[in-house]
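Structures follow.
Paired with chain B in one complex and with chain C in the other, chain A is shared by the two complexes that follow.
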Partner chain A sequence: MKSVFPYPTVFGDIDFEVASVTVDGAPLPYAQVSTTERTVALHRAGREHWDRATLRLKARLPEPELAEGPWTDITCVAVLTEKATNARTTTKLTRTPDGDWHGAIDLFKHHHLRRATVTVNVVGTVDGIAGRLIGSPEQVWYVDLRESTPARRREIEIVEVDFRDGPHDWLRPFQESPWIVETSADTPTVYLNTTAVEGLMEVLCVKGGSAAERVLRDMTAGQIAQDTWTAMFHTAISDLDVDEDGTPVMPTGWREAVVRMMLPDVLPGRQLTDALYDINERRTQGFGWSQLQTAIQYAAGRRSRISKKLTSAVRTVDRAEKSVS
Partner chain B sequence: MRRAIPYDVPTVLGSLPDAAVAKYLSRAILSGQEAPPQVALRKASTPFSASEARRHTAPVRQLLDEAIRRFADQRTSADGWLAPRLHATLRLTRAEAADSRLWNYLALLVAPDYVVWRHKGTETTATSRFCGAHYTQTFSRLWWAAELFRDGADYRPVEIACRVQDVLNTTLRLDVIDHRPTALAIVRILDRLIASGTSRPGDHVNALSSAVNTAGSTLVYDVLAPDPGGDGEALLDWMAAAQDAPAVPWERLPDGPDDGSVSARSVDGLVTLFEKLLAEAPRRQRGTAG
Partner chain C sequence: MTQAQLATELGKTRAAVSAWITGRAEPREDAKLKIAEILGTDLASLVTRTADVPTDLPLRWQHRPAHVDGGREYGNVAAFAFDADLSVLAREATQNSLDERLDDTSEPVRVHYMLHELSGEHLDAFLKAVHWGELGRHYEEAASGRQKASRSLRSALDELAADRSLLLLRIDDYNAAGLTGPEYSDGRFAAVVRRTLDSHKASGGRAGGSYGLGKATLWATSRFGLVLINSTLSEPHEGRTQRRVVGRLDLPWHTLDGEEYAGPAWFGEPDTDPERKDVARSWWADEQTVRNLHLERTGDEPGTSFLVVGAYDASGDAETLQEMHDKLVRSLADGFWAAMIGGRDAGALMEARVTTLRNGQVVIPEERVDPHAHHPALSRALQAYLDGGTVSELTAGDQVARAEVPLIVTHLKGKGRARDKGREHPAVLLLTPADDTDEHFNRVVCMRGNRMTITEQRPRDLPLGTMPFQAVLLAGYATGRKGEDVDLAEAFLRASEPPEHDRWDRTEELTTTYERGALSRIKEFRQSIDQAVRSLAVRREVTRTGGPPALRELLVLDGGGTPGGGRRTQSFPTVRNVSAHLEATGAWNVTVTLRLPDAEDPWLLTPVAKFDVRSGGRPTVDWSLLVGSESCRAEGNDIVVEPGVRTAVFTGVTDPATHPVQGGFARLAVDVLKARGGAA
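Our next item is the complex of A and B:
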């Protein structure tokens, strides 16, 4: 959704990229900066202790439009933030003769936890008011401190562990369950039980196999996915904070991603903020909460592509039976 | 009188996962009738290394006991006294402070009595005071208030900010105060409101915070009031110095990490702008009786 500004803003494209990264002065391998994913992965095995990463940025603004437009004192600043640590660093970019804007921004490791966001703001004086935001790029860059491969999507963690005799005490009560989903931590985690169903792990983790094995693998994966989506959605909306006038605030981190992805399927045809308000009402007041479960189930099913998997499973079983008879 | 704590406090701080809190935080604990189950919670937690002095619980525990003694009659006033001292005792990086497990550990294993003393309502304490968002949890809200409102090594703005609960309840959760000059400009105006004897400064602060936040979506404060940011190395030196540092003073303010103070010019510029915003901002309407 585009914000509306009460003054003229830049229409043309504003684009920027992280050109290179150094960590404590040493260049970060090229493979850890991805322009297509717009992500930097800072983690390197065997190098846990570092203090400062410097990101060299290059931005391209629609220069002809800026030259003709009603704006003066145009500056371009890079902004590095992370919500979890309330960190905010800015640096001014300078315009080079070739028309690009260049600059470097420092990321102090101790000011960040997981994933920082980098964007640029184009700022100018409009109608006599200085410091107006007149443009920003469509997409931000991410700087991941914990990953070594630059990927925009964040995956959930999957842990294979023995629930019965394994290292986690708290899993013991669930020892008969083939998997459980844990969503209270930073990253949602699926714990696969290596001992509840004999042979299941082999089927799940091996590639290829017979048609029947593939069907079983797909179906199990689909079911785990459905459970995970449902659990993540419930957790995401149960943690909603409200501001002073009672409007629920969009959660942060993975919870935000889950809400944004699933809410349009749970309450279709609504604005995101309205849908969030509605869902919080229903949860706190209890009204219409049970009806919502069907919609959540539907949304989770869509995310885990359960229908597609079931269809192909039914076909495979059908074919197998026909070939026997 | 020193109150006896009915359980052993672990000697070293640690981290306690949210899941464990949810499991053991019962109504009896929230109402202060029972202490949290020490053995189970210790099993579920991971202690930090005892070799670091800043990880020891004794200085924190002394501080909290003193806060309870000093502010027995007016528990909300404890916040302004405790925030800078807790910050200077724990000496954390922001990355460490962003981990809720440390705050869970403090609330359940080191000082559940403090949480209940400070935040108990008529019957119980809100769960979020034990385990919750950075601006709600009993100890993390104080730590973040100190971190976001300090001016380099100077904790005086923190004391002022904590004098009005609305700053902790409302302003602290806004992203705009992540910009240091913005946070300090809000405190400067709050100081003026208190000094001039304005009634209900909290209502003014709420109005101001929301006006500053709204204006912040079209105005880039970073450009209006440049701030080069804190010096990361000074913070690390300050943390390392914790090893030999004496306990924080009770009567005067401790010194924070000397990571560079905010440019006075930047703050001045914003104060002028914010005063204008405050003058135009709608304040909460209260009935004549209230």
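Our next item is the complex of A and C:
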């Protein structure tokens, strides 16, 4: 979906970066700020309670184009948002004589949950109307509140816990299950039961081992992954916002990632919007919902590389038998 | 001729001659006559000797006769040690200038490169000034051989004859020692003009080079093997300092009129010493001669000007004046960015400029080489060190972290004691996050001496995800510290460098002059550098609560397309481009370009226009007009595209009555969906 502006916007590159971060006044090690990943990891072991992180920003705008273009009163503002909490903070940046824009934006911990987004917007007066957005960078920065390694891509949380005697009461009913998947939280979580199957966790967690152990590890991992992807997809499409005309809107956060990754396998050959519309129709109207299950299973299996793992498992078993006989 | 020799010939005492020379006494008139006779000059110039009077001796080229043993050199061997590349010339010549920086000043040595293209009358005047006519036949003979040097000389002569243009490259340094010392025996002058492989470097062992090879690049860069030299001396020679001029030509062995010539030739005055009567020696030129030879220096600061006649870039990268100018600037910045940085604790060691002229007119104005423009991150690192502004741990993108790297300097052979590995020298490692524009990063630039880059080390075992960085290692004198360990480390590292001065490794000098274990110490040093880099740059290993790796790799979000690689070809129509403008009525006029996959049936598509709002459902607007303009047609609210068409364009105009707000106050998004039979 491409959108167009009813007034001229900046064509040149707008670039910005987080130059440094302080948490409650203390500088954050630069290793937790990654310019290549464009991510800041705020979490530091041993310090859970902090109030405010200050991000010092530096932005570079296409100055010659701005000077020549039809815009006036140009300012550059930093915007810090998080969709999950609907928080939005802005500050103005100031232009230094060398042409860079500098400024600092505060992130208050209690306004945010997990991963905030920082970007800059270039705002100016166009055709006599002030405060119009005339440009923003291609890529935003992420500020991760729970991570200590700045990495753009996210993984699903995996928790190893004793279901029967562990700290979570709610897991007790599942004590005989080797794993369960929880998708209701803001990040899907896989709980691995350390007590249901004796020795399974040991096989699963180590690298190497005998051929049989490897087969078992691969198969188990594949099966858990398939369960997880299936559960995540169902959750992701279960509560879609719709436009006025009934077209579903792409969900946000991890749900968006899951939908984008799996839809091309669930409904191949369809445009994303089209496919999403179709799925929402089937879910709300009920027709074709059962047929869809097959497709979801197929997509989750592909994600988990089930056939590849089975192929190598069969080969391993075959080889083992030959060497015995 | 020595004072003693002159005294003997005159029948006077050596003390008397000495008294005349130091100005304590003046010879009597008859003695003066005799002196003039012995020295082969006239009385007038002897009398006015204290004033600045040019000698009347004719300038000429003197060619070295061939070796009597029949040995022949088809070219200067030392010149073949390098590629005749402008960047090599810039590196070697500038390093020599830097090494000759005057010790007792804190001023930088100033290096000026000037490209000057001559043609027409300017060319004729210059050729006349260098007595080209005298050289012509020697060149013809030298170029007639079958050796490599002869062949390239041949093409150079042919090109000069055809194009009638000549490129001069002048390399000036100011605030440097100049070519001091006597004409023939040990000194800077003889080392450069007369000798091969003589490194006469007196700057307290701080010099970069030690093989005496660098100067050969000057001759290698000249297509004619011809270099003219004008030097202002820092210490008077023969009572003078200004405009000591000489020329040297390197030709291959050749014969002319039955005489055999070894190759090298010198341009100057015939020596007045009867024992060297066929030798051309440097002379104290007058201002006009220097101007004619394009050797004029500004001011009277000591230093040397080299004029490379027929300069070219043998690598072939740079052919036009602009390209050669840029290559010089780039080479100077690459080789000497460190020496050009000055800070609180130590000033810049040099500054460099490049200018390009054509027939006396400036073509590319003087360009000062700015290290910060060419190597921002590295320059920032060194600047911070010189300003004392380093930190121990990085917390911001423009900071510079500093750590010490120990280097154990082995004792010299026979001076060590048992169980004593040697003296420890703390080298300095500086590290800063790389700049976005840096092409090469995650490397350590290692330097010693007067901030001369020796090698670039790529640290090993850097974990994935290490932030991109630039690092500088300063060892020996480059640390800017003083002390015994600094001197020892400098000598030790220099001993471990091959002639190219491009790595610290096993050399003959290292193994013969130092105790056993020297090579191991060098290897340990390199490992310590890697270790220091890791401690400064690497993000600490994070123990994730992540669970089994086998499972984790299957559960990555934002992992991109389908597993198993390969970009999925899109099997549905996509919007490639939307261009739109508002009409006077407030309606949007939209032109949409579609990209379509191959299909067997016609595509029936529904374009949908919506106002793009930040949150909540997006309001749809109706079309008042829909026209297929290229490879498609409109049917009601749908667009029909025939099979086989890959690109289609249609135009639509929205109905302003359905706009929830004025068109000018919202963004418009257009999507093209498969027709749903009235569902949309």
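We adopt the following convention: the second predicted complex is superposed on the first by the 276 of 325 C-alpha atoms of A that agree within 3 Å, B and C clash if a C-alpha of one lies under 4 Å from a C-alpha of the other, contacts with A are read in each partner's own complex, and residues count from 1 in each chain.
By our rule, a residue touches a chain if its C-beta (ideal position, glycine included) is under 8 Å from a C-beta of that chain, and two chains touch if they have at least 3 such contacts.
Keep in mind it's a predicted model, so treat the numbers as computed, not measured.
Applying the stated contact rule after C-alpha superposition, one finds that A:85 touches chain B and leaves chain C untouched. When the two structures are aligned on the shared chain, A:6 is found in touch with chain B and with chain C. Of the two partner chains, chain C is the only one touched by A:305; chain B is not.
By the touch criterion stated above, A:241 is placed in contact with chain B and with chain C alike. When the two structures are aligned on the shared chain, A:287 is found in touch with neither chain B nor chain C. Within the superposed three-chain model, A:50 lies out of touch with both chain B and chain C [touch as defined at top]. By the touch criterion stated above, A:31 is placed in contact with chain C alone, chain B being left untouched.
In the superposed three-chain model, the partner touching more residues of chain A is C, compared with the other of chain B and chain C.
By the touch criterion stated above, A:152 is placed in contact with chain C alone, chain B being left untouched. Counting contacts as defined above, chain A residues 3, 5-7, 129, 241, 243-244 meet chain B in one complex and chain C in the other.
For chain C in complex with chain A, the touching residues are 393-399, 433, 436, 465, 467-468, 537-540, 542, 545-552, 554-564, 568, 571-575, 577-580, 582, 588, 590, 608, 610, 612, 616-620, 663-671, 673-674, 676, 679-680.
By the touch rule above, chain A contacts chain B in their complex via residues 3, 5-7, 51-52, 75, 77, 79, 81, 83-90, 108-113, 121, 123, 129-133, 169-170, 182, 184-185, 241, 243-244. Across the interface of their complex, chain C is touched by residues 1-7, 15, 17-22, 27-36, 56, 58, 127, 129, 148-160, 190, 192, 204-205, 207, 217-218, 220-222, 224-225, 228, 241-247, 249, 254, 257-258, 261, 264-265, 268-271, 273-274, 277, 302-305 of chain A. Listed in rising order, the residues of chain B touching chain A in the complex are 17-20, 22-23, 43-44, 93-95, 97-99, 133-134, 144, 147-148, 170, 173, 175, 177-179, 206, 210, 217-224, 227, 229, 232-233, 235-236.
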